[in-house]
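Before anything else, here's the structure in question.
For reference, chains read A, B and C in written order, and residue numbers begin at 1 within each chain.
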Amino acid sequence: MRLRDSNLFKFFIFVLIPLIVLIICGMNSTNYYAGLVHLFGINIILVASLNLVNGFSGMFSMGHAAFMAIGAYASALLTLETNQKMTSMSGLPEWLMNLTLPFPIALLIGGFIASFCALIVGFPVLRFKGHYLAVATIGFIVIVRAVLDNEDQWTNGARGVTGLPNYASTWIIFASAILCLFILHRLLNSAYGRSLIAMRDDYVAAQTLGINLTVCKISSFCISAFMAGVAGGLWGHMQSVISGKFFYIEASFKIVETSIIGGMASLSGAIVGSLIMTFIPELLAPLETGITVFGIQLPELYGASNLILAALLILIIIYRRQGIMGYNEIITDSLFSIKTYTSILKKSEYINLYTILINMPKKLISTFAAASKTDAVKNKKRKERRSKNEKNS
Amino acid sequence: MMDALTYFLSQFVNGVKLGSVYAMVAIGYSMVYGILRLINFAHGDIMTVGVYTILVLTTAFGMPLWVTVIISVIIAVFVGLSAERFAYRPLRSAGEETTLVSSLAVSIFLQNLLVMIFSPQRKAFLLSEQLTELHSFGTIRLSTMNIITFITVIIVLLILSHMIKNTRIGMAMRACSDNMNAAKLMGINITSVIVTAFIIGSALAALSGLMLAGEYKTIDPLMGFVPGLKAFCAAVLGGIGSLSGAVLGGFVLGIAEMLFAGLMPTEFTAYRDAFVFALLILVLLIRPNGILGTKDGGRS
Amino acid sequence: MLSIKNLNVKYDNIRVVHDVSLNIENGELIALIGANGAGKSTILKTLSGLIRPESGHIFFEGKEITKLPSHEIVEKGIIHVPEGRQIFAKMTIEENLKLGAYQQKDKNLIKEKMELAFDLFPILKQRIRQLAGTLSGGEQQMLAIGRALQGNPKLLLLDEPSMGLSPLMTQQVFDVLTKLKDSGITMLLVEQNAYDALEISDRTYILETGRIIMEGKSSKLIEDPKVKEAYLGGD
C-alpha cells in the first residue's frame, strides 16, 4: 500500500490541515496572509468553473473576468446602503436605490445575472470554435468593460464603486468554494458531465450518441458563468473597491493561466493551480521592490513576477501540456468521499498509515538505489551504442 | 449640409489613416496565421518592442530615424524568432488552444520585460517636424507620416502578394498553409518556411509600431496589445490567411471605427473598442470566413 | 537499395510496429499488405520522416537515413504518396505539380517530368488551371502520383493508391504503376487490396499487428493456402 492510498493520510492532508489553516484565518481575518488565503478560495471558484468550460467541455473561453465583473457589480448594487448609492450612482431606479439585501442572496442574484448574460452571449458566440471563440470572448470582456466605464449612472464609471461592505469572511468564501467544487464534482460524475466530456473528446461521436451539443455547450457555459459571478461578488466584498480595470483582459488571462498550470481537465488542478498562482507571486513580490541577494542590491524590477510566471506557463505547456494534475482528481475525490471521513474511526487505518510511514525511509532508499542502478545500465548501453556507431562510421 | 459632408469626409480620412495602421499589423498577423493557424498574440507586443527600440536609440544616442527603424526591425525580428523557437516550435503538434495560450504567455512575458526595463510609465513619442508637417488637400489635412504609412501599406501588399504568388518560397508558404504534412513530403523545409513568415511578420510589426506610436504620440509597455488584437479582428474581417483580405479588413475596420466614433452621439464614442469586437462577432456569424475568405471557418 | 533493420515505432505511446526488417533491391516493386491497423502506413511515414521511430535503423543506398528530417529524405530520392492523396486542394494542378518538383533545379528535367505526368494522366493536362480540390477522387490520386513523379524519385512509397476508387479507376492506377516499374522506378506499395498488390509486385511482405509474419515472391504467396484464406477471401 502506498501513502496516497491511505484514506487517513488523505484526511490529514486534504481535510484536517486545510481546516486548521482556515480556522486560524477565520480568527485573524484582517491579517495580510488571511487575505491571501481568501484570494486563494476565490481563485478556486474561478478556475474550477472555467475548467468546466475549457477543460471538460472542450470549448475555449477567455472571457471569465467579464462574468466576474457582472457578478461583482450586481451584488455590490444589492448590498450597498441607499445613501452610498445616492452619491455615486444617481441613475439607479428608485426600487434598486432602496433595496439592500443580505449578502448571500446578493451573491446568488449576482451569479444569476452573470449566468443570464452568458446565456445571451452564448447563443451566438458558442458557435465559434477554437481560437475564434477565444477572441470572441475577449471581445466580450472589452464590451463589458466599456459598459462599466461609461454607464456612469449605474456603475459610477471608470472611478468604480467604493465602500463595499466587508462581508466576504473566510467562512462564506470557503463555504462557496467547497460548494462549487462539490456541485462540479457531482455534475462531472453524472450523465451530464459524461456527455460534456464526450463532446470534448469527439464532437461527431457525441452527436451520434444523441447528445444535444448546443444545450451542453450553453448550459455548461451558464453554470460556469454563474460561479464566476459569485466569485466576482466575493472578490468585490473582499476588496471593497471594484472598477472595470480589475476585470479586464489581464485578469481573465490570469484565470486561464492558473487553469492551465494546474490542469484544465481536473478540479483538483484548479485547487493546485490556484495555490501556486496565489502564493508564488507573493514569494516573487520582493523582486519588484528590490532585494539584496548575496550582498548585491538588485534594482526594483517591476513586472518580474508576471514575467517569471509567463515563463513558467510556457515551460508547463511544453513539458506537461495537461498541467500539473493532468486528469487526476485525488483532492476532490478524497474531499467528497465518505471513506476519507470514516477512516478516522477505524483502527486498521491507523495501523496501515503507521506501517507505511515506518517503511518510508527504507522504501525511499531502495527506490533511489534502483533508480541509480537503471541509470547505470542506461549509461552503459549508451556508451556501447556510441562505440558501435563509431566503429560503423 | 456642406459642413456635414466635410465632417463625414474628414472622419472617413481619419478612418483611412487608422485603417492603414491596422492593415499593416494585420498583414503580419495573417502571414503567421496563414501558415501555423496560430493567433500570435505577441505580435502586438513585438510592435511595442520595436517602438521602444526607436525611442531609446533616438533619445539616448540621437540616431537618425531611418537608422533606428532598421535596428528596430532587426530587434523585432530577433524577438519574433526567439518566440517561435522557444515557445511555438516545441508545440507544433499541439492543438490550437495550446499554441494560443503559449502566444499569450509570450505576450505577457514581453509586456513585463518592457515594464521591467522601462517602467510602466507612459513616455512621450514625438516624430520630427518633417514627418508631422501637415499638408492640406482641400479640406483634408494629412501629415507626411500619414502619407508615408498609406503608401508603405500599399507597397508592402504588392510586394508580398507578388512574393506569395510567384516565388518559390511563396509557393512553399501557400503549400504549408494548405496542407502542412503534404508540404513536408514535397521536400519543403517547413521550419524555414515558418521562420520566413515570422521574419516578415515581425519586421512588419516593427514598422507598424512606429506608425501607431506616431499617431498616439505617447507610448507605454502595454500599448501594443489591444491594437494588435483589433488588427487580428481586421484580418478575420477581411478573411484571414489572405493578404489582400487583411488589408481590406484593416481599412474597413479603421473606417468603421472612425465613422462610429464621429457620427454616433457623443455618449457612444467611448464604445469604440466594444464596437470593433461586436462588429467582428457579427461578421463572423454572417460570413464565418470574412469578407474575402473562402476557407477554414471558425464556426463548427 | 533500402533496408529497414529492427524497426520499432510508437504512436501515442502504443507500439504499432514491432521489430520490422525489410529489404528492397533496385528496380523491385515490393508490396506490403495487411489488415487495417497493421502498421503499414506507420512504416511508410517513418520512412519519409513524418514519424520518428523508437528504435531501429533505415538505410538508403548504404547510408543511414533514420533520423533525417522529411525534406532531406526527399532530397535523397524517396518520395511518399500519402494515404488519402493529400493534394493541395486550394492550389491549381499546375502548382501542385510544381510543388512536387520543389527541390529540382534542372529546368529541362522539370519540364520532362511534367510531360511524363501528362502522358500518364492526360486528364491533368486538360485541367491544368483548375483547383485540385475540384478533382474527383480518382483524378486526385492521379495528381498525387503525378506530383510525386516530379521529384524524380528513386524510390516511390505508395500508401493505398486504390483507396476509395472505383474498380475501373483502380485498374487504371495499377496499370500506371506497372508502367512506372518498367521505367525502372523502385516502389514500395502498401495495400489492403491484397490480390491486386500480389499480382503486380515482385515480392510481398505480410504485416499483422505490427509484425511481419510472411514474406516471399508474390507469385508464390498468391498460391499459398494460408494467404489465400486470410487475405484473398479464401476460394
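Things to note:
In the analysis below, a contact is a pair of C-beta atoms (placed from the backbone, for glycine too) under 8 Å apart; a residue touches a chain by one contact, two chains touch by 3 or more.
Since we're looking at a predicted model, the values are computed, not measured.
Chains joined by the most contact pairs: A-B. Farthest from chain A in terms of Cα centroid separation is C. Per-chain Cα centroids separate chain B from chain C by 43 Å. Rounded to a whole number, the gap between the C-alpha centres of chain A and chain C is 50 angstrom. Separating the CA-averaged centres of chain A and chain B is a span of 33 Å. None of the residues of chain B touches two or more other chains.
Multi-chain contact residues, meaning those touching two or more other chains, do not occur anywhere in chain A. Here chain B touches chain A in the complex through residues 39, 86-87, 90-91, 94-98, 100-102, 104-106, 108-109, 111-116, 119-120, 221, 225-226, 229, 232-233, 236, 267, 270-271, 273-274, 276-278, 280-281, 284-285, 298-300, going by the rule given at the top. Interface residues of chain A, counted against chain B in their complex, comprise 54, 60, 124-125, 127-136, 138-140, 142-143, 145-147, 149-150, 203, 249, 253, 256-257, 260, 301-304, 306-307, 309-311, 313-314, 317-318, 321. Taken together, the chain C residues at the contact with chain B in this complex read 48-50, 69-71, 74-75, 79-80, 82, 86-91, 95, 98-100, 102-103, 147, 151. Those residues of chain B lying in contact with chain C across their complex are 168, 171-172, 174-175, 178-179, 181-190, 294-295.
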